[in-house]
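I have a structure I would like to understand better, so I am pasting it below and will then ask my questions one at a time.
Lettered A, B and C in written order, each chain numbered from 1.
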Amino acid sequence: MADIKQFKLPDVGEGLTEADILTWHVAVGDVVEVNQILIEVETAKAAVELPSPHAGLVIALHVAAGETVDVGTPIISIDAAPGATVRDSPAADAAVAAPPARQPVLVGYGPRTETTARRRSRTETVTPSAHAAFNVPPPDVESVDAPPVHHAPAHRVLAKPPVRMLAKSLGIDLGTVAPTGPNGTVSREDVAYAANGGAPGAPAAARGVRETRIPIKGVRKHMAAAMVSSAFTAPHVTEFITIDVSATMQLRDRVAARREFRDVKVSPLLFVAKAVLMAAKRTPEINGTWDDQAGEIVLKHYVNLGIAAATDRGLIVPNIKDADAMSLLELGQAIAELTATARSGKTLPADMTGGTITITNVGVFGVDTGTPILNPGEAGIVAFGAVRRMPWVVTAADGSETIEPRWVTQLAVSFDHRLVDGQQGSQFLSDVAAVLTDPGLALL
Amino acid sequence: MTEHVHAVHPEPDMVQLLTPEGQRVEHPDYPLQITDDEIAALYRDLVLVRRIDTEAIALQRQGELGLWASLLGQEAAQIGAGRALRTQDMAFPSYREHGVAWCRGVDPLVLLGLFRGTNLGGFSPYDHNFNLYTIVIGAQALHATGYAMGVMRDGAVGTGDAERDTAVLAFFGDGASSQGDVNEAFVWSAAGNLPIVFFCQNNQWAISEPVTTQSRVPLYRRAAGFGFPGVRVDGNDVLASLAVTRKALDDARNAQGPMLIEAFTYRMNPHTTSDDPTRYRLADETETWKLKDPIARVKAYLTRQAAVSHDFFDDVERESQALAEHIRVGCRALPNPTPESVFDDVFCDMPDELREQRDEFVAFVGSIEEVTA
Amino acid sequence: MSEEPKTPVTMAKALNDGLRKAMEADAKVVIMGEDVGKLGGVFRITDGLQKDFGEHRVIDTPLAESGIIGTAVGLAIRGYRPVCEIQFDGFVFPGFDQIVSQVAKIHTRSAGLVKMPITIRIPFGGGIGAVEHHSESPESYFAHAPGLKIVSCSNPSDAFWMIQQAIASDDPVIFFEPKRRYWAKGAVEDAPTPLHTSRVVRPGSDLTIAAYGPMVTTVLEAASVAADEGHDLEVIDLRTLSPLDMPTILDSVRKTGRLIVVHEAWRNVSISSEIAARVQEKAFYSLEAPILRVTGYDTQYPPSRIEEEWLPNVDRILDAVDHSLSF
């Protein structure tokens, strides 16, 4: 039966993807032999003769002299078994596999010119997974002098680097955390769970249960240690002042209405912070530290302002670095960011070190004042109480006195009496009070 | 383009035993005892080797080979040298010595794998005492030298035992004679008086660079500078190539030390199938060398001598057709290597990490439904 | 006939003894290189061998590194087991082509039918007050190539045994000898450890330090100081640079959680780069700290007067230990 072979224009070894047809050396009806020259084609450089891969009868010529033809185009059909009688399945036999279009080079087929910008279909997924990290290679059974079989020794806790960092920032020992991640690893959730005292929330004490025991660990443990260290090292003296902050409250309203403060929470705390920063400049000892080991008092020429923040896990004191160099707007933004970060539990250890003076806002709880404990290493801490409407004696210009409702609050400052003496502490507190009473004084 | 006339004029000091017209001539230093039957056998070698070359070029044009390094015009140099070798001698080719491979009994299909991309060599050097093709220019000259050092240490030189005394034949081209490795091989061979013959096929061109780019003196005279003899032969004369190589190998076997043979011949075809010689040489140069065709002169001699029967040339032609078919069919059937084989032959002793990579690669290839060929 | 030495010997002597044993065990072993015969080598590593084994087996070669390696290939094809000496690390490069294009490839090119049981000995490393090109650490160039195996001894016992194992290997081995330690003394053990294994030379719990060649001694010195400072370091002598012994390294890192790699070679694209990549891939969950590297800087080797600070030393290593432990 007929055995039709198609010859497609091959790469001709001259670095091209097309050729011009010059001359046919055969015609339909000719009988050709293998390697007989069929056709002459022209490349950019020279004429090339193409030898026939097949012997047989020329059935058809598919291109004409003068045409430009791409590589891979069928140019001739040859019946390798002519004289067949039965006409059954038509031509399309396995044509001479024309090679894919490639740019031939001196030393080989050359690079492929077709693109493969798609994933090919697969019989099965053979993708390595994170679990491959746990493979211990099997012992080499073929090598006669192999060392004793390596069993992975009992290894320390497994956790990804970011999880380790989280645990460290929360002061949690990974070894005490129950791992529920894949392959025995400690996950982020495991650490958060452990930081919560191992419970999602305080368990409701059922009637009849007399006690609930909460392990002392994590943030609470560290905070407790810090407080004890501070309270029993630095002699604390606390001074109080009650002030009329109406002017500050009016200023607050005017500032909050300004366009640049549109996205920032302008709270009274912001102005207290600003007043503290200004006053600390005049009394640098309150921003210093008692370095017992070095035998020095260190006065710092920058203020890293700590804001005590209550979180689910307890009290933390992140600080704003170089707060004294900030504008009111920048300070407001920094306080907002600090608060948000603390609330979401993402405060970094670096944010909680290096503070130089702290404000604790007891006022948010509705409390008037207190005797705050110094953040270890600092010499001053200001407690800012609730701002209330209170009766106040107001003296008119002519000396007459009236009782008026005013915005009133209490400020307390505890200071380290080793390096801050009474006069300095009082001076600092009264400076803060003065700015908050009459904000215009800040212009001086 | 500069004119290259050196290739056209007849060369002095060239050993020739059969002129381009097919006339036997004598050379005082190289008497050759050879029968007409033996010359007929050489004719058959020449025709079949040329046919292999022709088929391979056609296969490349049909996309079955990535490239082919044609030896057209150099058949006589290679058959003469190849037939001078004894079984126990070792040959170190470059990558164009298909004629020497033929003489050593290497199936031409085995050579095709390297050019097709189905293997990196494809045969054992020990099977036929013919080393794998070496593509880095001139590197094999040092390998041959080291092998000759081994031959000496085996006591297989100068014993007088024709079956035992061994020589090494190192092939390279005119371009390679500039490479450091070839010159170092000359240094070592001379200093060690090694049993090695250097066979340089000066086919006048190293891709596009004429031999005058490589050397100021005729190549055979380079040996003198290193301290051993050199001789130029007519590389298109199979009898001269045979006689001179035979003598050189015998001398080497007899502990006379190294020799350089420069076979003065011509690369009729491009460097490889993707080269374009029209960019650097004139067609009339090739036309001139056609007049010195190595096969035509042997045919002329045999015909003039009435040394063969009527059927002889037809028989050889028929054999050539059969060989061509064998090559065409065989080439298309050469199998692709397996994925594992890429890894299995890196070391004698596979390290664990490599084994893991192999398993990963085998799994990957196995998972692709349509592997890119 | 030589016996295994029991008293402490120098590394140079240990290598000499190991070479002698290898020559006695297999008549196909030949030693070849510049000045290895009559002179016994510029470091005397091959002292006395030509006298005992003859010029045919201990060969003074012409001054041509490509020739040394290329003829070794030919000898290997003929069935010999050549041991090449490259006189100094900085002079291996003329032979680089024969090493990576031929020695590394012939086993593959021949589909496993031809073996290249060649050992290439290279004295390497600095700290000897030398002029240019004599203090290099080129191991990375070779470790990158498939088909080569790369090892380095750090002490006389390993020198004695590893050189014999390298010669006996049917694969090509590049054998880096720490020239600054040639005169260091040590006892030779009775039995060898498998060639391509690393060894924990000082067990510890706080941190793993891996090193090879000349730096093993320096790292052990640093570990001793660290112990006084309260840090317990585990020291690994890598010994095999390609292939790496990953199980030993990984077991240690899983135990300590911290890794430092130390070598004289340049930092960029080095053995430590490869180890760091593999360890973070396979022991990701065990890492307490990033993997640190104490290496030569990415400059040319300095003039010898200031080489001590350029090379890793006890202070730089301990700084890295402190840094790792600070995480």
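What we mean here is this: contacts are C-beta pairs under 8 Å (C-beta built on N, C-alpha and C of every residue); 3 or more make two chains touch, one makes a residue touch a chain.
On a predicted model such as this, the values are computed, not experimentally measured, just so you know.
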{"item": "Pair of chains joined by more contacts [C-beta pairs], A-B or B-C", "value": "B-C"}
{"item": "Chain closest to the middle [Cα centroid of all protein chains]", "value": "C"}
{"item": "Centre-to-centre distance between chain C and chain A (centres being mean Cα positions), rounded to whole Å", "value": "42"}
{"item": "Whole-Å gap separating chain B and chain C, where each centre is the average of the chain's CA atoms", "value": "41"}
{"item": "Euclidean distance of C-alpha centroids - chain A vs chain B, Å", "value": "65"}
{"item": "Touching two or more other chains - residue numbers and ranges from chain A", "value": "137"}
{"item": "Residues of chain C whose C-beta touches two or more other chains", "value": "246"}
{"item": "Where chain B touches two or more other chains, by residue", "value": "352"}
{"item": "Residues of chain C that touch chain B when the two form their complex", "value": "30, 56-57, 59, 61-62, 64, 66-67, 69-80, 82, 94, 97-98, 101-102, 105-115, 146-147, 149, 169-171, 196, 243-244, 246"}
{"item": "Partner chain C, residues of chain A touching it in the complex", "value": "133-137, 143, 145-147, 150, 152-153, 155-156, 158-161, 164, 183, 185"}
{"item": "Contacting residues of chain A [partner chain B, same complex]", "value": "10-15, 34-35, 45-46, 48, 50-51, 53, 96-99, 104-110, 116, 120-126, 128, 137, 140"}
{"item": "Chain B residues touching chain A - in the complex, by the definition given at the top", "value": "54-55, 58, 60-63, 66-67, 117, 207, 271-276, 278-279, 324-325, 328, 352, 356, 360, 363-364, 366-370, 372"}
{"item": "Chain B - residues contacting chain C, complex", "value": "90, 119-122, 124-126, 131-132, 134, 136, 139, 141-154, 180-181, 184-185, 187-188, 191, 341, 344-349, 351-354"}
